[in-house]
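So that you can tell them apart, the chains are marked A, B, C and D in the order they are listed, and the count of residues begins at 1 in each.
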Amino acid sequence: MRRDKPEVALRHRSPESDQEPLLDGHQHEALLGANFSHPAIVAATELFERADGVVIGTPVYKAAYSGLLKSLLDLLPQFALTGKTILPLATGGTTAHVLAIDYALRPVLTSMGADHIVQGWFVLDRDITVHEDGTISIETRTDETLSRLIDQFSTATGRTPRLATAG
Amino acid sequence: MRRDKPEVALRHRSPESDQEPLLDGHQHEALLGANFSHPAIVAATELFERADGVVIGTPVYKAAYSGLLKSLLDLLPQFALTGKTILPLATGGTTAHVLAIDYALRPVLTSMGADHIVQGWFVLDRDITVHEDGTISIETRTDETLSRLIDQFSTATGRTPRLATAG
Amino acid sequence: MRRDKPEVALRHRSPESDQEPLLDGHQHEALLGANFSHPAIVAATELFERADGVVIGTPVYKAAYSGLLKSLLDLLPQFALTGKTILPLATGGTTAHVLAIDYALRPVLTSMGADHIVQGWFVLDRDITVHEDGTISIETRTDETLSRLIDQFSTATGRTPRLATAG
Amino acid sequence: MRRDKPEVALRHRSPESDQEPLLDGHQHEALLGANFSHPAIVAATELFERADGVVIGTPVYKAAYSGLLKSLLDLLPQFALTGKTILPLATGGTTAHVLAIDYALRPVLTSMGADHIVQGWFVLDRDITVHEDGTISIETRTDETLSRLIDQFSTATGRTPRLATAG
């Protein structure tokens, strides 16, 4: 059970994942139309409301989180993360972008009321392999680090966390 | 001529503007589909290539630029702003978000190779009025400040600047 | 007991405070000399080691934390905040600098291993009055907000927290 | 002439440099005492006033500029960089801190009125060698990059720039 969480967090790497994505391709229009009443946005908002912990994953483009992630966050209520524990994760092509999590993503999450944003992690693209059947493997040391972070995140979130993911 | 530039920069406040928007409603899908070959994205990329100066305007949501703006920037080439002069503008409901221009937007623009990002400005929503006929009026002191900034931007951009706008 | 904590956190506002400052005037040289073996730095490092929770307070100058605070943090071990709960507080002359806590201070604290940085607060200079006898009074609503934050911080830190302060 | 500028910018790496430092050891107390009338601070302020271009160099500690640099900037007037061209440089042990220039240092310089902050550079500690006689050598490719940046900076600053350095 523990092991599948990094994959969830990094699902943007694998559109073929068997887990239901928060928004599928046809629903992306809901993001850019700023359509707060779109069923996909209403569902996402409710999912966040119910969650005790949220894994936020994003690729780093242009030294920051993706526009797609921010478009989703823009449609959530201002304080959608109040009282929640957050695990921020990012992927990118170069370690030169590591600080994007702390300087770009965290301030946005804090502004949304996040109570506890645990130490996150930056995963190099080359440490993630998406196989033909849609499964993902992660380089051994990175996988161990992610497992440790997931454990810390689970502990911080509480005994029986319900998790939401975004990214 | 000088006067219309703040309006251009702040066009996101006025979808009824008679100026052609960079992307219209139906083309927003191009942003979220990460469709680099979509005609609207190709056209936007070419517009940026030709421009000497670019006005980047965004509302501030969740203490940062909008996801919509970032989605556009994500689809441009990594160094789409090399050699260009940039005027960053933002609008928001509270002065508490003023620093979002310098801490969130500028680093992204710098990562895209921007050579010269002049001093920008944060305009309070309440200082902008969109009239029924689609025209915009801006509170007098803010308007004067914007005019001064536009002048500095024009000088920095060069004698006969061609401008692109985004936001 | 609860009430004295904002004063501790904001002690930099009141050099006349009867509480022992972390470093007194003559010991400031230890900061700039990068003198890791100076008794005042050794003592500060040990104080941080023993603490479960740390209140970090700083005035905002030039849109960021003070150089004095950063000079102290620079002399602490790289991961001096690992496993600790942090309450970040700032004071400043204008609400336009509110985001300095989240965009400037938090990333530094996160890089030092901070496990849990709770929601902080920005206090306007004009809401703090230092009286002739060295006591401090804080504007009523701000005082209530700080008390609530201190309670949340105490809860996050644990049952019997030992606190260190810096700033 | 061109060649000595990176060394100036990176002088903090070489206290034995034959160039006069802005502040010597005994004057550091002026920084932390917030002593605006100290002769060393008055001299530094005047040096900034006269300069058309300023090279700001800093080591990266704890994911940001040094407290020592910020202490100097804190003592300068709020808009000490108005109308000036700035070249930001940083050194550090890991490329993971590259973004500290754009996310931490630039916002501070912008808040001080800097008109034009050109593209900066992050130099790895291991690419700089301080020899026994106090001279510095810089790894070839880094040296070439710095020379190119210095040229761009000189061009941006103007025909006959007078330079100040800090860091």
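To be clear about the criterion, a contact is a pair of C-beta atoms (placed from the backbone, for glycine too) under 8 Å apart; a residue touches a chain by one contact, two chains touch by 3 or more.
Model, not experiment: these values are computed from the prediction.
Trainee: Given that chain A and chain B are copies of one sequence and touch, is their interface built from the same residue numbers on both sides (over half shared) or different ones?
Mentor: Both copies, chain A as well as chain B, present the same residues to each other, with over half of the numbers appearing on both sides.
Trainee: Centre-to-centre on C-alpha atoms, which chain is most distant from chain C?
Mentor: The most remote chain is B.
Trainee: Which of these pairs, A-B, C-D or B-C, matches A-D in more than half of the residue pairs in contact?
Mentor: The chain pair with the recurring interface is B-C.
Trainee: Where the CA atoms of chain B average out and where those of chain C average out, how many Å apart are those spots?
Mentor: Taking the average C-alpha coordinate of chain B and of chain C, the gap between them is 37 Å.
Trainee: Can you give the whole-Å distance between the Cα centres of chain A and chain B?
Mentor: 28
Trainee: How big is the gap, in whole Å, between where the Cα atoms of chain B centre and where those of chain D centre?
Mentor: Here chain B and chain D have centroids separated by 31 Å.
Trainee: In chain A, which residues are in touch with two or more of the other chains?
Mentor: Within chain A, residues 63, 99, 102-104, 107, 110-111 contact more than one other chain.
Trainee: Would you identify the shape of the chain contact graph, picking one of line, ring, star, complete or other?
Mentor: complete
Trainee: Using the touch definition from the top, list the residues of chain A that touch chain B in their complex.
Mentor: 25, 28-29, 31-34, 61-74, 78, 103-104, 107-108, 110-112
Trainee: Along chain B, where are the residues that touch chain C in the complex?
Mentor: Answer in residue numbers: 63, 94-100, 102-104.
Trainee: Per the contact definition, I'd like the list of chain A residues that touch chain C in the complex.
Mentor: 99, 102-103, 106-107, 110-111, 113, 115-119, 156
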